[in-house]
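Pasting a structure below so you can have a look.
Just so it is clear, A, B, C and D label the chains in written order, and each chain counts residues from 1 on its own.
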Amino acid sequence: MRPYHQNETGDVYQIVQDAIQLDKLARQVSQPEDGAIVTFAGIVRNNTQGRRTLYLEYEGYETMALRKMSEIGATIKQKWAVNQVGIVHRLGRLEIGETSVGIVITSAHRRIAFEACHFAIDTLKKIVPIWKKEFFEDGEVWIEGDFTQLPTS
Amino acid sequence: MRPYHQNETGDVYQIVQDAIQLDKLARQVSQPEDGAIVTFAGIVRNNTQGRRTLYLEYEGYETMALRKMSEIGATIKQKWAVNQVGIVHRLGRLEIGETSVGIVITSAHRRIAFEACHFAIDTLKKIVPIWKKEFFEDGEVWIEGDFTQLPTS
Amino acid sequence: MRIMKIKVLLFARLREIVGSEMVELHRNEIFTVRDVWDTLQAEFPQVEGFGKSLLFSLNQEFADLNTRIEDGDELAIFPPVSGGDN
Amino acid sequence: MRIMKIKVLLFARLREIVGSEMVELHRNEIFTVRDVWDTLQAEFPQVEGFGKSLLFSLNQEFADLNTRIEDGDELAIFPPVSGGDN
């Protein structure tokens, strides 16, 4: 499998159609200066509020999604002393237990890595144009995020 | 390589002498109910405040360390709706870039997983009897944690 | 009077309701995102209930109803995003 | 009068200073962790400067200087812990 694509600062912002390999992403971005690596994996759960989920489908506005993912990384690097950022989102059909999004933050210090990683996924869920449709035994439903007035550029 | 040892509740508390495989640990403890997996890896950094580190040696009071690691897991499961906890600490000589401690928290929801994982490493560094000695080019030094009055049982 | 052509990308539930991932609108006066949305509602009445919680982007940056549009801009309309974990 | 034997586990810098990971102390009256620490200081004067920031455990639970000791207990003395990341 090909390595993830690191940009000129060594960070990874990528949209994929196949399985996310978070450990590979972490190994790729890590450096000798790192003291802490925090990762987040968003997983397709087998239920939503007790209703049994069969699978999910993710759709994205890919060019804008990549741009927004890079923006999140740039914000993180301004706010915190992180070493590297890796954000990979998968699109298409995902089965239960599969990873929809993987985030890696490396830093010299753990508190920074936790805060930045949490910020990354919270912000991704607000500004990165990706949507999911959940398939149940007896129907399907588009999941819509909370509507928030987003800053216009 | 052997799988990590899961106890009767499916959680892992283990001390090892060889490389920690955090992705393997995560795969082993994850379940169809998980929506979020947060991992923390503590890494041997190549410097301490600018002074070049060659390697570290970790020493532990193993029986008590395992007991305290289980206690952290039990506290987490009381405080948060996490699904599984995995905490693995390595002892012996570790080179730059190697993982000294790996923590995995799985949960239906991400906030819980972040909070519990952060709590796990912060608490481990206070109550788990493990010590490290840092080797520099021109000497070695025992690292001692901050002294805090710990609760007696 | 010149007829402006605007291509509008649609995503997720909005795409399904309109039945297409891209529509081309023709109008002789298009100045803002609001004009596009009004035209879309006129041509596809089924989108009407959607209005209050939609997001707009122009050239891949978030926009609002008052954002001005130029010829050749890439406009997209979509529901609140829901990527990441579930 | 009965002589009590107490085995004391030592770790990290304390272990290095004493030169052993386990010492056996003999005393005719040992009631608390403080008695053990006093005896250890008498036999190994080099540990003295350590006193204020040491941790004690009895049977793998944190203890303090006033914790009572019984025959057969596992006592350990060590510096503040420093595992995890660096």
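Following the convention adopted for this analysis, a contact is a pair of C-beta atoms (placed from the backbone, for glycine too) under 8 Å apart; a residue touches a chain by one contact, two chains touch by 3 or more.
Quick caveat, the model's predicted, so the values are computed rather than measured.
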item	value
Between B-C and B-D, the pair joined by more C-beta contacts	B-D
Where chain B and chain D are represented by their mean Cα positions, the distance between them in whole Å	26
Intercentroid distance (Cα basis), chain D paired with chain A, Å	49
CA centroid of chain C to CA centroid of chain D, Å	73
Junction residues of chain A - those touching two or more other chains	35-36, 42-43, 45, 110, 121
Per-residue multi-chain contacts in chain D, two or more chains	85-86
Pairs of chains found to touch, sorted by chain label	A-B, A-C, A-D, B-C, B-D
Residue ranges of chain A in contact with chain D within the complex	35-36, 110
Residues of chain C touching chain A in the complex	9, 11-13, 15-16, 52-53, 55, 57, 60-64, 67, 76, 78-86
Chain D-touching residues of chain B, taken from the complex the two chains share	42-45, 48, 53, 56, 58-61, 63-65, 67, 89, 100-101, 121, 124-134, 142-153
Contact set on chain C toward chain B in their complex	85-86
In the complex with chain A, residue positions of chain B that touch it	22-23, 26, 30, 32-43, 45-47, 96-97, 108, 110-111, 113-114, 117-118, 121
